[in-house]
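Sharing a structure below in C-alpha cells format, with a few things to ask.
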C-alpha cells in the first residue's frame, strides 16, 4: 500500500498499559461514567454536563422501544434462520431504521438547522418552512401522529425535561412555531410529535442533524436485543412465517386444484 | 393466516394516550431513567437498583470503543458506498461482532454458568474447566491479552466496581480461580482480561450467558455511529480501498506486463 | 501503515484498458459466458465444462426461491422502513440464511467430505455416520422433509441431471447409503431430500463444503430481489406489522383496561 | 391478527408433491434452465428468449467482480469477526452497494426511462437531460470513468452483444445521444461507460429502473462469496486492521509520549 493520504482518527488508542477514549483514560471512566455520558463523549468528543446528560438520555430513551415494529419482527425472523449469530439478527432489525423510521427525526433536525443557517428573521422561518413543504406537496416532518391523538404524550414531557435543564431555546421555539403555522395552513390540528421534539432538542444539544438517525440506531439496538431474548423464550417467528406463507399463496394453491378437475 | 399458536409479546404496547414499556408508562420514565437503566429494564423486565445500574453501565461502557477495529473499518467502507443509509453502515459494522469479537464474553459467561449449574464442589470447578479446555486443545476464554500485558488494566477496575456494589460473588471467585488454575496448568501468567471480568460480572448481575453478545452489540452500535460521524469529516475509506487494491493486485499487474514483453 | 505481511489477492485486476477476472479478459467473457459459468469461474478460478455448468446451474436454481420464507418476509419488512436502500433489504433477508436455512447443505457436504477424508472402507462410512449422529442425539442432515412427503420431488431430478453429466460418483453413492442406513436404524423412511442431493452433488463438483452456504446465499439474493420488486407493487409488510403487533400485545391492552375498572 | 387486507404473493408455492415457481414446476426447470434464465423468470415472471438470456447474462456478468472494492474488503473484515456466519459477511459487503456503487446504473435507467415517459421529440431528450444536470450542478450518470480511459472497454462489447440480439433500440440511442451532447456541452470527452451501457440495455430488456440496483446486488453476491473463499485461504483482514489502526492512531500515541516527558 503506497501511502498517499495519511490515515487519521481521533477517537481512541491503546497500548500495553493504557486505553484512551476521546482523550480520557478508559479505566478512569469505568464506574464513574454512565452509558449515556459515555455515548455523549463518543459522539461529541467531550463528557456532558449533568443537564446535557439528562436531556440526552431523555431523547434516546424514547427511541429504544416501539413494540412489534417491522424492525423487531425482522430481527426475530432472522434469528430463526441464523441462531448462531445474534449480531446478524440485530443488524437485520437495524437495517429497517431508514428513511421511514429513522429518518424523520433527522429530517426535523435538518429542517430546523437549515432554517437557522439560512438566516433571516426568526418570525419568517416557520411560514417559509410550511410554505415550502406545501408547495412540494410533502408533509411537514415532526407533526401529528397516526396513533397518538389528539396529542403525542411524549412531546410535553420531552419539552418539559429540556426546559428544566436549559435546552428550550430557538430550535424548540421554531418547532412549536412550525406546528402552529402548519395547523393554520392545513386547517387541522398538527401538534408536535415525539419525533419533532427529539429533532428540536437534539439541535438544542448541538448535534448536527446527521446524528439523529444514529441516535435512533443506537437506541433501537437495545430494543432489538430485548426482542431477541424474548424470541428465545417465546418464539413468534415460525408462526408468523407459516401464517404469511399460507395466506399469501392460497390463491395459487386453489387455482392449481381447479386445474386438476 | 389461520391462527394456530397465539402470538404474544410482553415488552411494550401503546394506544392513543398511553405508551407502556415493560409495565411502566414511558412518559414517567423520560427524564427520570438513564439510558443504562432503560436498557436494563428492556433486557430484564425491571428497573435496576442503583448498584445494579452502576455495575451494568461499567461493563457496557468497556465494550463501546475499541479503536479502528475490523468492525469500525467495515462500517466506514460501507458508508462510502451507501451514504444514504447510515443504518446500513452501522449494521455492517455490527455483523463483525460475532464469535471472535462478541463471542468471548458470551463464552466466559456460559463456561461459568454451566459450571455452577453442573453442581459439585466449588473448589473442583476451576480445575475441571481448565482440564477440559486443555484436553480439547482450546484456550480458556477470558484470560491473557495480546496487547494489554502483563495485565489488562480494565480488569482490576471492573472487579473493584463490582465489589463496591455487592456484585463480587461466586462467579467472580470462580473466574479468578480459573485464572490461577490456568496459570499453573499452562505454566505462564494468564490473568483475567476485560472479557473475563465482563462475563463474570454479567453472570453476577443474573444475565443469562446469551445476553453478553447482545451487550457487545448494543455497546458497539454507539461506537460505530461515532466512527461514521468522524468518517464524514475525516474520511479513511477511499484511501484504504486504493491502497489495499493496489498492493494486493500488484503481482498480477506485473505478470501481465511481463507477458507483453 | 507499516507493512508486515504483503496483501495479495488473485481474483481480479484492471487498468486503463484491461479488466482481468481470474486470468480472463472480462471483455472476452461478456456475451460468451453465462451467469452460472461466470459464477463457477469466480468460485473455482476456472471456467466449467458444459457438464459442470449444467450441474452447477441445476443445484443453484433449486436454492433461489422457497416462497414466503422468514428471509423473504424480513427483506420485505426492511424495505418498508428503508425504501432508499434496496441493498439493505436484500442483506436483511440474507442474514437469515444461516445455520438453519443455509447450513444444512453445508453440513451434508461436510459430513460426506469428512467421511471420505477420514478414509477406511467405503461400506463402513454410512453406518459410522448414522451411528455417530444417533449417539449425539442429532438428526442426520439431508434426509426427510416436513412438507415434501413421502419423497422430495427435487431429489430424483437432481440426481438424474448429475448422473447424465457424469457427476454421480462416490459422494452421491455415500449419500444414498446414508439414507438407507438411517431408514434402517431409525425405523422410518428417511429419503434423501433436496439439501442432501445438493450437498452430495456440490461435493462431486469438487466444492469444499464451505462453498455450499455461499451457493445458498448467492441463489437467495436473486429470490430476494424478486420479492422486493413484488413488495413494491403488492405490499405485505404494513399488514403483517399491524396484525402481529395487535395480536401479540392484545393481552396487555386488555389487562390495562381491567386495571382501570 | 385480525385480517384487514388479504396477503397475496404470486411468486411461488409448494405442497407435498409440487413446487411451483412463477407458474412453472421447479422440477421441470432443474437441468433445463440456466441460472441466468431462472433469475430472469424470478424477476419478470416469464422465461427469457435465447436473445434476452444472452443479453441479461452479459449485463449481470459485468457487475460480478470489481476487485478489492470497499464492499469486498468490508466482507473480508466481517468474516474475520464472525467466521460462524458467512452469510453475514456477504450481507456486510452488499450493504455497500448503495447510492455510490449500486446506484449509478439505476440512475441511468431512471434518467432514460423518465425521458421516454415524459414524451416529446426524441431529438430533444438528450439536450434536455444534459441541460438539467448542468443546471443542477450534477454530473450526467453513465459517462466517463476515472480509470478506464479514454474509453471503457466494456461499453462497445456490451452494445455489440445487445445489437446482435435485437436489443439496441431507443434507450441505447438515447444514451449515446446523451454522451454526444454532454461531450459538446462540457467540452471534454464523456463516452458511455459500462454503467451507462447497463442502464440503457436493462431498459431495452424492459426492466424498470428500480431493478438495476437489484442486478448489482445479485451479481455482487457472487463476487463476495469468491472473496470470502479466498480470504479463508489467503487472509487480508488482520493485516489491514493492524496497519490502519497503527497509522491512524499514531499521532495520539506520540502526543501521549510527549506528555510524559
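The chains carry the letters A, B, C and D, assigned in the order they are written, with residues numbered from 1 in each.
Convention: a contact is a pair of C-beta atoms (placed from the backbone, for glycine too) under 8 Å apart; a residue touches a chain by one contact, two chains touch by 3 or more.
Computed from a prediction, not measured in an experiment: that's the story for all the values here.
J.: Assuming a repeat means more than half of the contact pairs shared by residue number, which candidate in B-D, A-D or C-D repeats A-C?
T.: Of the listed options, the interface copy of A-C is B-D.
J.: Farthest chain from chain B, comparing Cα centres?
T.: So the farthest one, by centre of C-alpha atoms, is D.
J.: Between chain A and chain B, what is the separation of their C-alpha centroids in Å?
T.: One centre to the other, that is 22 Å.
J.: I'd like the Å distance between the centres of chain B and chain D, where a centre is the mean of that chain's Cα atoms.
T.: About 34 Å, centre to centre.
J.: Report the inter-centroid distance (CA atoms only) between chain B and chain C in whole Å.
T.: 29
J.: Using the touch rule from the top of the page, what residues of chain C touch 2 or more other chains?
T.: Each of 1, 3, 7-10, 12-13, 15, 18, 67-68, 82, 84-85, 87-88, 91-92, 95-98, 102, 236, 240, 243-244, 247-249 in chain C touches at least two other chains.
J.: Is the chain-to-chain touch network here best called a line, a ring, a star, complete, or other?
T.: complete
J.: Taking the touch rule as given, give the residues of chain B at its contact with chain D in the complex, in rising order.
T.: Contact set of chain B toward chain D: 1, 3, 7, 67-71, 73-74, 77-78, 80-85, 88-89, 91-92, 95-102, 236-237, 240-241, 244-245, 248-249.
J.: What part of chain A is in contact with chain D in the complex they form?
T.: So the residues of chain A touching chain D come out as 1, 6-10, 12-13, 15, 18, 20, 82, 84-85, 87-88, 91, 95, 243-244, 247-249, 251-253, 256.
J.: Help me check something: in the complex, which residues belonging to chain C touch chain D?
T.: 1-5, 7-19, 21, 26-27, 29-31, 33-36, 38-39, 42-43, 54, 56-58, 60-62, 64-68, 85-88, 90-92, 94-98, 102, 147-149, 153-154, 157-158, 160-161, 164, 208, 210-211, 213-218, 221-223, 225-230, 232, 234, 236, 239-240, 242-244, 246-247
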